[in-house]
Structure formats: structure tokens, C-alpha cells
């Protein structure tokens, strides 16, 4: 469970309730629930995005919202440790010994890379196959997080469309002065919904998924760099040194505390 | 028929009607139809875009709207299958045997590529001719989807121009207080039209055509990659492995279920 | 005469008149002409742009407005035909025979390129001289169209400055309630002028000049590609095939209908 | 202590107090302190950013605010001097003599680079390890300054959400006309808070950290360039000449006044 | 004196006075001078930018404003002439003869380049030293013109903060209806100041300095290209031909009229 997203999303919701309660009292909260306003704003925004995507891309985008509450499985330090182990195995027992080691690897991407090496694929080809794969992965991730970017763009626009509809109706019938205020209040609810949709629901999801995607891309880049280093027969210490450059100073210190300094755990 | 665009575009329209009906009653719908407002907003926006393009580019842009409701013909998995088949043919019967195979290819681009190979064109030249072709294609697509981006930019601007015209006239003649409301309502209709033009008509079309263009560009890139692999005499399994990197895990699984795992259907 | 720009620019103007007439009657049109408002909005916008440019760049920008009504002289198909003819001449009679052919070329850029080849300039140098030339050309075009982009940015800003000036004066003297409306109407005219300056005058000019510049850049790129192909002694058919990749399918079909399929009109 | 940031941040605060005092009197300052408004605007903005980041990235971002008041330790001229000294040492006493020199280097990055050279690592590898390290550093810096960019984007949005909540409540209950003004005043406070959060707190922090990051990146790039020059055995004067190109004319003059003109302080 | 910037800046100021005088009469001009409004808007904007920069960068930015009124010293045609002369000298009397010629060169950059050639520095190194120098120059220029971009962004924001402060105070005390107008007028003055700061003071300065920087970068690029051509021992006519590609057709015609067509003035 990713506690940051959970706290953030819940707190924003609570703060809005607090905002309403302090300005007008708790009894005014129901005034902010208006089904037709939700229909035009949320409905309009999502339907306009549906119109601009294929059905699977729309559904995939929606579903990816839940991902922001899940912790990513691995981290770079663990991955580097795994690769340095593979490097030591390869150095001591030869590239073919990696086949057995591969059977213990859970990450499908690293496994595929190791198998390509075991099969004796040319380094250039290993590199281009693995890079094509992570580029395609980044493209799929972008398809998901851009979904929230698109909805975030549409929310305030459809909110404004809803407000304009309400205003025009109100202006056309101002016979009863006491109704003007409430009519305008209802008209403004769509603007509020559009703003909340963008700033509470969409932007956090877009940014979170984007930064997750970047992390995963970087982790897989480390894997590629490491595997090519193994295939090139480089010394495990060199491989480790190279990969450690990707770690932040804090993570590097932690890594070195756990695995020894540059000894690659083995030689 | 691309159901996503159809549902999206229709639902947005229905939701707007619902929005009007719930805020002012069904009888207020005619208030939202105003020919002069449409003339200044839609007319102004389209005419300003016409002024900034050539006539064929303007007409081509307009016409491309219908494309968003059409499903694209092929998908990457089918294309990869075709290329792997060609690769097997070339390996077993030589490059010249592709000439006969080419006669069965429907896609003009792939056919052209195969014919270039059969003619013994240099790989560098094959690559540069095919890449020039898909770059020119992407350029033409951009000419179309940027049309909707341009109109989307002009819509709210001309809506605001219309509203300013109405407001200035209203402010100059406020003798009859009962007319101020309705006059302002009419003035706001152009702002509404501009917003609807951008968010209902233009943005979905722009985004849909853009993502279609990207998919087609990627599919044609796969074709180029595959044909060059064939021309280089690479093993069909290698060709297949390379091209499969472009597929998503789901599509790859489906592909492998249908065609066997990395066997290229033949050897 | 470029009919698209003419119709677009005229129609926008007519639609504004129609908008005024339908909202307030034809007799209200003079209300929209206000010299001081024009001075602060148009004057301010143009003077701010003058301050940000050199005098020749400012004048050149202004003058380039008329270009949007002129049709560009040549098209890619004609240029390709010319180059294929040159290629045939070079193949049959040698590179030096191009000197005579060059005397019939009207386009100064193509002529210069041909003369460089005839003079025996190294291919690398021919390429770098011609590319420096079209890059400098693109830079000059950008100087012109960015003029309209700059004015378009300044228009609404100076319109708002004008409106603020008017509003502040109005708010400081509200003794005569009957004057408030008309004062605000006058204040809003500068906002209207700023909007019209941007969306009627500037954006169409900027976009039109930009797309013209891109077309010309592409045409000249075709010339460079073609001349280098001639200099490299490539077969005219190869040259033609290469250049045809730049044409859209429609233009290619037209080209082939006129010149035969890939025969280069000669051999 | 970085005096510029301190003066800037303090003065902005003082000027806001002055602004309030001159418009409404000192006694109105408490009117601008409203806890619920702060909760919805600041709380909403920070919580929405928390939802879009991991917990460590959120805390790291917050903490990095204090960095804008700290002066950076070194400057390019000092770094160049150090490298030229190392270069002279290496030339006179050989690359291995750098090991001793390295023990006096405080900067961990330069030390690591020198040790890589002493260890006889291949130049290509030295370069790729050091570049991976500064790219990762830039990435971490971006994680911090983008935090302020994200909050700056969220501030005005949540300010508007707060204002809409207040407005809707006010419009729903306009029975007491004397309360309308103060209610609207409170509603506007969230907009004010959002604006102040963005323009007083966030943008200066974002820009300052960004420009610091660029300076540090450049300084470390100079180190890499210099170390590679030493490893390549280039003349210390050449090394110095190369590195001095990175200095501004003023800094270069100062550097030359201190270290002699291009003599590298030694030979 | 750069007449364009002078006229532009002065005229904008005059037009604002005219705007005030025509809307409210000359006697209303003092209403637009309000020291507290200036403090919060201009003070806030400049202090926020100070907080986001180092003190020297802030002062340097401010000072660079006067540069927009100075004419740049040289132009490309003069520079090309100088280089072609150097090229002729080098061809006739050898590279070493350039040392004497260098003593007559005023431009420090060209002089440095010539001295590097005379010293027998490797072409690769000459190129990288000179390019590092103009990149650093462009970076310094950017530091200056981005100052105005930053202030331009802060102006309207602090203007809005000032207006909100005034509005909130006004809304909290509406007991005297006759004061509402003037209070709002004062509140709006900060918005006006912010807009004027951005559109009169900042944007012209930013754009002017940016385009100056681009011109200077291009001129220095011509110098590099020319010096490398001299060092490579290329024929002065080739050097001249290469460099003339950077001139606009008009400047090229003028250049050729003055210096003869492609004869390099000498041989």
C-alpha cells in the first residue's frame, strides 16, 4: 500500500468537507451534491476523452488509477545486487551457467535478457531487442498517465460549459430575485466539480504514474547496462561500479553497507 | 465503426441537453440556438483557420473528421505475422521468391518495400526511401489533426469576441432593465459555442487522429525494421524476436498462442 | 491570389459586422469605432513589438502580411520533374552539360546548386553550403512570422491595459449612474480590439507564413537531395524514386500519370 | 547565507503587510489570517502533491526549501585551479602520484574520478561512470525543484476550489445583505493564499534550486572534462585553456590575475 | 542608439497617458500614481525574482536593460570580409603571418581564435575551445534575458495579489457605498501595474536581448566556421562561398557589390 497517495487523496477530500463546513455549516454539505452538475461535468469530461481514444485505451486508463495506491515491487539496489551475482556466476562458471540462474529470476524482463545472452545472441541485437521492449513499455505507461492528463484538461472546460448553461438560463429568467443567488450557486457547482476532478483526481494520478514509469524505465535501463556488461565479460567489480553510479548517495551507502564496498560479494 | 468515438461524441451532446433541461426545463432548449451567435463564433473560428491554410488543407482537415469513427484496418500482430511469413519464404526460396509473395500483399507500403528488395536496391536506399515515405505520411496526418487544434484554439477566442460585441451593445443601452439579463444571456451564448466547439468537436478529433497517426507510424516502422531484417538475411526467428519487442505483453501472449513461441511458423 | 486567405480574412470581418448588427442594430456599428481605444491597444501592441526588434525586422514583419495573399510559385512535383530532367542530362552528356541546362533554371537556389556541381565542388561542401542557405532562409522566415506571433501576444495584453485604465477612471467617478454602462462599454472596446488583432489579423498570418516556410524548406530539401544524387552519379530512376517519397499519394499518382511510372521521362 | 534569497523572501512578506496596512489599516491584518482557508488551500495543495509522489520524495522536496538560503561551496575558478594543479602533478610525477593528491581533495566526486584514473580504468569507462553520476544527481535535483513547481501549480487551483466553496455557500444564503461582502471577502482569501503560495514560496524556490542545479552540473562537467584531459596526458596548459572557456570574461580575468596567464601555475 | 527600442518604449508610455487623458481627462493622471500599489506589485515582483537568483545575477539582469538601446557593433558582412582577408593573408604568406594580422583585430573572440591557429593548436581543439566559449556566452546572455522573462511572469501575479488584498479589505467594509468605487479603483491599480511591468518593460527587453544574443551567436559561429576553413587551408574563395550562405539575399548582394563576386578581394 502506497501510504503517500492514500493519505494525500483522503486528506484532500476531508479538507474539502472541512472547507464547506467552516464556511456554511455541516448542513450545507448536501448543497454540493448535484447529480445533473456531475452528469454534465464528469460525464462530459470522460465522454470527450472516450471520443478521443480507443475503447481499450480508455478502460486501461481508468483502471490504472488503482495503481497509484500500490507500492512498486523492487528497487534499484536489489536489482543491482542480482546483476552483480549473475556477473560473478558468469565469471566463475561461464555464460551458460546463467541458464540455471535464470530459472530463479522472477522479473520477466531480466529473465528474457539473460536467456538472450545464454542463447548467444549478438550484443547489438540483445541491446536493440531489450531497448525496443522498454520503449514500448514507456509508451504503454504514457497511454495510461496521459489519460489522466486528458481528463484533467477536459474537467474545467466541461465545468465551464455547465456553468454557462446554468448562467444563460438564469439570465433569461430573473423574474424572481430570490432565486438568482441559488441559481448561480448551482451554476457554479459544475465549475467546482471540474476543478476538483482535475486537481484532486487527475493530476496526482498523472504525476504519480509518470514518476513510477520513469523509475521503472531507469531500473530496466540498469538491467540492460548490467547484462551487456556481463555479456562483454567485464569484471564484476567494473559492472558493479558502473551500476552504482545510478544510485543516490544515500542508497549507495546503504548498498555498500549491505554488500561490501565494490567487492561484488564474491571474487 | 469505432464505437468509442461514437459513444463519446453522442453522449457529450446528450449530456448537454440534459444539463439545459435540468437547469431550466426542456422548454429552454431553443434559447440555446442562436444563428447570429453561431455565425460569429463558428464562422469566425473556421474562417480564421481558412485564412491560415491553403484551401485543400482546409478541406482535407474538415473531411478528416469522419475518420475518427472508422476502425483502423490492421494491427501490429497481423503485420508481424505477415513479415515472418515473408522471412520464411525468403530464407527457403531466396529473395526473388518474394516477388510472387508481394502480389498477395494488400498494404501498398509493405508491397513497395518488398519490391525494392526484390529489385536489389541497396539496404541504405531502401531504408531512406521507406523512412522518407512514413515521415511524409506523418506530416500529412499532422496537417489534418493540427486543423482541429487550430479550430480548438480559435473557438473560445471568437466566442469571446462575440460576447464582447454583445456586452458592449448591452452596456450602451441599459434603459430597459428587464432586457439586461436576456441580452447578457445572448452575449454568453457565443462563449458557450466556442467552448463546445473546442471541447466537444475539436479536441477529441485532434487527439484521436494524433494517436491513430502514431499507431500507423509505429506499424510502418515495424514493417521497415522487418524488411531490412529480411534483406540482411537474418534468421526468421531473430526477425520475429525483434519485432515482437514492439508488442505489449498481452498482444505478445496472444500472438504466441496463435503462432507458436518464436518458431516463426516454419523452419 | 491565394483565395483561402482572402475569403477567410474578409469573412471574419463581415461576420463581426453581422454580429454587431444582429445584437444591437446596424446603427450601433459606429459605437465600435473608437480612436483612443485603437491608439492604446493597437498602438501599444505594435510599439511594444517595435521596442523588442530592430527597425528593419519590424518593417519586414509588417510587410510580410501581404504575402499571405500570394500563391507560392512552384510545387514539389514540378521541382522533381526538373531534377529528373537534369539527372538524365547529366547521365547522357556528363556533369558539365548541366552548365547549359542551368541557364534555363529560374529558381536561384537550384541554379546555385547546379553551378556548384559543375564547378566540381566537393559533395560535402555542396551539401553544407546549400543547407546553410536554407537554414538561413528558414531563420529569415521565422523572423517574419514570429512578428505576428509577438503582436498576437501583445494585442490582448494592451487591450487589458486599456480596459483597466478605463475601469479605474470609471470607478473613481460613479456620480452619474447613467454613464457607468457607456463608460464600461468604452473600456471593453480595447479588450475587443486586442482580441480581434490577435485572432483576425495575427494568428492567420503567423500560421500561413509558417506553413509556407515549411513547404519551401521541404521543396529546397528535395532539391538538395536530388542534386546530391545527381552529383553521386546515381541512376535517374533511383533519383526519381527517392524524391517521389516526398510526395503525397495523390500527388504521386498525378506525377506518375504525367511523367510515366519511374521512367524519368528519358532513358 | 545566501543574502539574495533572504532579502527577497523577507521583503515580499513585508511588502504584503505594507499593502494590507495602506489599503485598510494595520488593524485589518488579522482579517487576512483564516485557518480554514489555509487548510483548504495550503492543505489541499500539499496533500494533492503528496498523493502524486512517494513519501521520501515529498519530504525531500519540503526539506530542500532551506537550501535556497545556503551559499554553494565552490566556484568554477577554484575547481579549475585544482584540476590544473592535478594536471601538473600528473605530468611531473606520473598518473600514480595522483593517489596522494587525491587524499587532499574534499569534493567526493572529483576524488572518485581521480581514483578511477589512478586505478587505470579505461577512459571510456571513466567518462560513462562519471556522467551517469552527474545525470543521476541532476535527476535528484529535479525531483526536489519540481516539488515546488508542482505545489505552485496546485496552490492557485486549490485556492479557486476554496473560493468556489465559499461563493456557493454565500449565494445559497443571501438573506442578510450585510453579510454578503464579508462572506465574499473570506471566499477570496483562499485565492489570495493560493497566489501567495505560488509566487512567494514556490516559484523562487523552484528557480533558485534549478539554477543551482545547473551550476553544479556545469562545475562537475568541467571536472569530467579536466580529468579526461589529464588522463589523456594533455599538456596542463591545454587543459587549462580548455577549461577556461567555461568561465565568463570577468571570472577569466580574475582567474588569470590570480594564477598567471595560461601558465598553469607550474611548469 | 537603437532607435527602434527608444521609439517603442517612449510611444508605449505616451499612448498610456493618452489613453488615460481621453477616458477621464488629463486631471485623472495622478489617480494612476499610487506608491503602495507600486510597492506591492513592482516590489513584490522584483523581490520574488531576487529570491530566485544570486545577487550578481539579479544586478546583472537589471543592468542589462540599458543594452536594448545600444546598437550592436558589427555585422555579419563586415566579419566575413575580415575573415576572407585573413584567409588571403594565410594563403599568400602562411598561417604564421596571421600573428601580425591578429594584432589589428579588435574582436577578442576572433583574435583568440587566430592566436590558437597560429600556436598550431589541433583543429579539433580549436573548435571545442571556441564552441565552449560561445556556448558559455549564450548561457550568460540567457541569464540576463531570462531575468526579464521571470519579472514578466511575476508582475501580473503580484498585481493580482495586490488587487486581492484591496478587494478583501473593501468587501470587509462596505458601510460607505460612495467609497466602494474608489476602493476598487485603487485595488485595480496593482493589476494595471503588473500588466504594464510585463508588457511595457519586460517582454520587449527579453525579446530584444534574446534576438541580439542569437545574432551574436550566429556571428561568432561564422567566425568559427571561417577560422576552421582557414586552418584547413581551404581556398579563400571556398571560405567566402561558405560564409556567404549565412547572409540574407539582400545582404549578400550588398556584400558582393562592395567586395566583388566571390573573388575574395585579393588573389
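Residue numbering begins at 1 within each chain, and the chains themselves are lettered A, B, C, D and E in the order written.
In the analysis below, a residue touches a chain if its C-beta (ideal position, glycine included) is under 8 Å from a C-beta of that chain, and two chains touch if they have at least 3 such contacts.
Values in this document were obtained by computation on a predicted structure and should not be read as measured data.
Q: Treat touching chains as neighbours and tell me the shortest step distance from chain C to chain D.
A: Minimum number of steps from chain C to chain D: 2.
Q: Which chains does chain D share as contact partners with chain E?
A: none
Q: Using CA atom averages as chain centres, what separation in Å is found between chain A and chain C?
A: A distance of 41 Å separates the two centres.
Q: Centroid of chain C to centroid of chain E, CA atoms only: how many Å?
A: Taking the average C-alpha coordinate of chain C and of chain E, the gap between them is 25 Å.
Q: Reading round the ring, first chain D, next chain E, what is the order of all the chains?
A: So, from chain D then chain E onward, the ring reads D, E, C, B, A.
Q: Would you tell me which residues of chain E are touching chain C in their complex?
A: 2-5, 7-9, 11-12, 15-16, 18-20, 22-24, 28, 31-32, 68, 181-182, 184-185, 188-189, 191-192, 195-196, 198-200, 203-208, 211, 238, 241-242, 245-248
Q: Could you list, by residue number, the parts of chain C that touch chain E in their complex?
A: Chain C residues touching chain E: 36, 39-40, 43-44, 47-55, 57-58, 121, 125, 128-130, 132-133, 136, 140, 150, 153-154, 157-158, 160-162, 164-174, 183, 186-187, 190.
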